[in-house]
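In what follows, chain A forms one complex with chain B and a second complex with chain C.
Here is the complex of A and B:
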């Protein structure tokens, strides 16, 4: 696969040589929205604006990147909101007791453990991922309320700088986003784990026959999702410099929106982390553009919802136009029940 | 069609959640004084009625193998519209009609997106939820105004101890069960949920059924929103967020498979009762305990139902299959070796 980031601004190639990748839609949307942002703010684009957008996008991008692993295995993780909240309050609460570094480590470890629980429940109790993660997510939120009943807490001294600071003119969060683009691409396309995850989503029986340790790969995907969500919670701790037991709630649906905008198929097997990260950027650009344009920021929800559905429709049309080459039969891909997802 | 109607519903699966309801009631009565007093029963049945009514649509949609994530803001928009329209001079009946119409319309759009455009239900309803959230915010400007019409409040809270909302719920239970069991629509729902492709090849109206199901889901969420606004007299933003998880939870707790094709609304009713009783018995546990409780109950019941419907299916059939009282609409009683619903991979999507 060509690095999807190529669409971001590298010189345009002649059409016949570019194969349309699923993440290009998100890249195109991001560039368009960025252009709109510049136009509305009167032709300028300040460092403050960039900082706002990338800071807003970073936690969502992290959570969406983790969710991508799970969606690629044809599962879904609705506990990300709960994990984000739990990690956020744990880091904040421990930092308040002077255990800043330990708090960050504990939060990330807890995220991994939460993912492990999800993976094992889904693999061994054979509960549908949607139900299992919805339930565990509810439990995580409850535990977060025990850790920190009201917003408060503190933050490790170095964390705000590492998440919201600037390296010269470049926001640190933009650097993280860039690293995620490269790392996400490498992990999915250049590692055995990434290939296994996609194979599992493509066809579980086939993966099993091919000798892939199905349970291990699936569990690892949920662990990855848990760790990423916990990192998002830690980043939010750095951004807000406190903890909030309700902070994760919007991320439950936003991560899925980012994954869908990024072009990952909910039927599993097809998709990119690059796309999901770009999807998160698109979602934060929407609110940024509305803010500078002076339109009602309430429109943000309408537009985000429209973009999610619109992108999916566009992807499906492209899929259809490409015909059967390399494509799985649409009905079969979505399961006999008309699509669980 | 054969002379004997086949059903996807098994007596044991309907009986289990009700048995647990009885168990929970007995447990509550033993541990908590005045748990079975009429006042407490009334308040519990009203709580169960709201969530039960909201879950009507979710049950049908899940039976189809879909999901409706737009319930929070269909519900919320319905509530703020009901109070807001009254404040801008519309009559109570008029605003209720508009509210139900809006819910139906939102569900219709969901259904058209899923059935005609083939958008996955998760994405379609997620997007719709976001759109309606924006609409609610713009309509209210952030702070909802007005109060619910008097008759909706009466319907919701009851008068002189007459629990109208329970009567409404009872009526809806009968109507929905009738629709699912005896009508062409209901039979199509089960058939499509079990195997969409086969239903298409059999000539069932797959797309129309999907559209109707999502429209009903919008309608029931809007009705729930109106009733909740009537209950508290006012509407507030975010009131729907607390109903997404319960709307799915009560369906799952009742034993309906989220993969579609297996379950019934009668089971959802038991699920709504069960979660209400447990919640009310543990009232002192606070929000944190409630979240943990919901999650644990869902996990436990999902596992329980998973085990009872797969491993011990054969034994369950032998034990319950011959009970004549359950014949009729509950009729499964397949001959040995004959499978009622097409076997599906239980939890692992392939």
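Here is the complex of A and C:
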């Protein structure tokens, strides 16, 4: 008799739960920081406060969601700052010429194109993603300065409403964040593309031999990152109602930080978009809490850096605990080894 | 295990080529009759840098035949498999499946032609679930949306068909034991109902019961018309399962026979290009040698009673029993990488080993089973890999003496017959078995007093295997104490002075001297489990 599944299942958790666990830290941090925010603001939480946090988080969450695809393939996209800037100034500059809608479309298309360039350079020229995207990111920033040397420009008429507005008591940006949580889950869990991305990051030779088109999947991941970063640039255009050729710079490190806080492994293969979105919210909450607590907001970077390291430590610890207990499932003594008895 | 008939082989097979030096045998390699074969590789050549991995190699497999491909480590077997699968491109030659010449740009093309492969190196994605791995590129979808419920059900059915009903398709592959991962690979290849199934050393990490189950599956697939290519270093398996065989040496086809037409010794000699001694080294009388290693009140699994065991100086103790009964855990515990309780005494003095560095300090080394993860720095040269464990011995004030290192590594390469282009080749470019030799060479260099072997000859060719057995016996005779876990019963019987048969973390029976026979070890493996149940 073959050993019963129950006897062997002890101590092993199914894959979905194992993956989810990586985003628990971010969720826990978000709740804690939210509680702190409420405490420091005297037990109240106003609609304005919520708006501030979700508006702040939305562009970062977009960039981080896109970055998640790339990180899952075991790559990294350091051009997100450049793409955000370029998309932002392009949308603003075209809007100034009365081409608001065209500007938004052009900006997003440009983001996709930028991602395509990244993907092809990495796949065909075989340049390491770190170097390749650092270089292309610098090119995008340079192009942005050509398009709009100084802050200025305009915004498409509908865009501010679609980013900073409210639907009743709920900020529009919160709705977008919610949609991203659902969409991110569906893309990684329920689409072949999402599975391919995770497979590629888990093992490229295994993916290749299983018949996955690795070049296509990798390129698509960079395209997704480019499109998401461009959307972040467009959202920033809506939030600030103008364009700024320096706007993207701080987003680069924050994006990576959000992905890491969200529990995605920089070695690829495991992670969630949900986690990255939560990671972005955590980072926004850090500045919000500092603001209401009266501490210097300059501490923000110190604290977010500390959080990144803390999260990595916690996750390493969790991983080790799991390794110690769940590594070798015991085969039940009775009939272990199979159908001979 | 009778020899299976060769019905279905369309053409007469040639007589055994004269046993002679390399090169002579080439002349008698038959050109397969075109068109009649299910799978044909015609005059395949492949170079990797300076190494000619294959040179005009031929392989012709009749429909519904189980065909073994044999050869020493580095003979080119896996390269041929990867070319057939479209994983790597060929330089010259052509692949014909079912009479059609294939143009293989990627594994997708061979899959479309009905070829499924179990690769020598595990090709599962550890971070994904079992179901994902089984169905990867073909997950069931409705309107583009993956249905994991259906995927899990399909996976469950495929696993159950292989008697693996106890594996939860939702569990991540990471952390599953090696033999289960191997069975999952097999399920992955067979569940697509291939026309041609290729198994590249698929049995090397499987225990007896699993091998039997796999062979049952292979036979039923063959009876349904599937053509199966089997690569293995275990000669016994060839005579059990195969109908015909092709022998490769140095990238060339040097013979093709029906299984009944040749003896194991003849085939082994043909593989090596010379006569090979396949006699296990003599077991000396150990008499009343002092116990060098004493285990007291050991508990590997908390719910089992404690046990004790003594191993004498110069003794080779085999760890037998069914897969996963705690043999690996014992070795890992002694090496400080697994949990357990109990006292370890070396030469009567208790030692505490909490991590591998403690073990090494006390002269305990472990030859790991997963060479990729634990034994090798894949991107570094072979020479450095060999020298790595013993750097300090060949350095002055922290500066490595390069000449000593070179001599040391060259000596190891010679002694273990490690086949390579240059000692500066990255370890990742070596054939599977050759990598294993490098791992052994690296750890042997420490001249340890206690050696723990975890299935050390997995994927190693016959000639090297017997060389390895002599090396282990020599080390033992020189005073080392050896604990050897092997999934190969023949090896336990041939090499070990005593065999401890494990059941659920406890050595339930210890066989010694005349008691150690293949049948007795197998019978005891099942008996102890039955008695516990």
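Keep this in mind: the second predicted complex is superposed on the first by the 303 of 341 C-alpha atoms of A that agree within 3 Å, B and C clash if a C-alpha of one lies under 4 Å from a C-alpha of the other, contacts with A are read in each partner's own complex, and residues count from 1 in each chain.
The criterion applied here is as follows: contacts are C-beta pairs under 8 Å (C-beta built on N, C-alpha and C of every residue); 3 or more make two chains touch, one makes a residue touch a chain.
Remember, predicted model here, so these are calculated numbers, not experimental data.
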Report for A:269: first if it touches chain B alone, second if chain C alone, otherwise both or neither. second
Does chain B (first) or chain C (second) touch A:210, or do both, or does neither? second
With both complexes superposed on chain A, which partner does A:131 reach: first (chain B), second (chain C), both or neither? first
Doubly contacted residues of chain A, that is, touched by chain B and again by chain C: 203, 205, 330-331, 334-341
Flag every residue of chain C that touches chain A in the complex, lowest number first. 85, 87, 106-108, 111, 117, 119, 121, 123-130, 132, 136-137, 139, 141, 144-146, 148, 163-168, 170-172, 175-177, 207, 209-210, 212-213, 301, 322-325, 328-329, 339, 503-504, 525-526, 529-530, 532-533
Which residues, counting only chain A, touch chain B once they are in their complex? 74-76, 121-122, 125-132, 134-146, 149, 203-205, 249, 253, 256-257, 260, 266-268, 296, 298-306, 308-309, 312-313, 316, 330-331, 334-341
In the complex, chain A residues that touch chain C: 2-5, 7-9, 12-16, 18, 186, 189-192, 195-196, 198-199, 201-203, 205-213, 269-270, 323-324, 326-331, 333-341
Please output the residues of chain B touching chain A within their complex, sorted ascending. 64-67, 69, 113-114, 117-124, 126-135, 137-138, 142, 192-198, 206, 210, 241, 245, 248-249, 252, 258-261, 286-296, 298-299, 302-303, 306, 344, 346-350
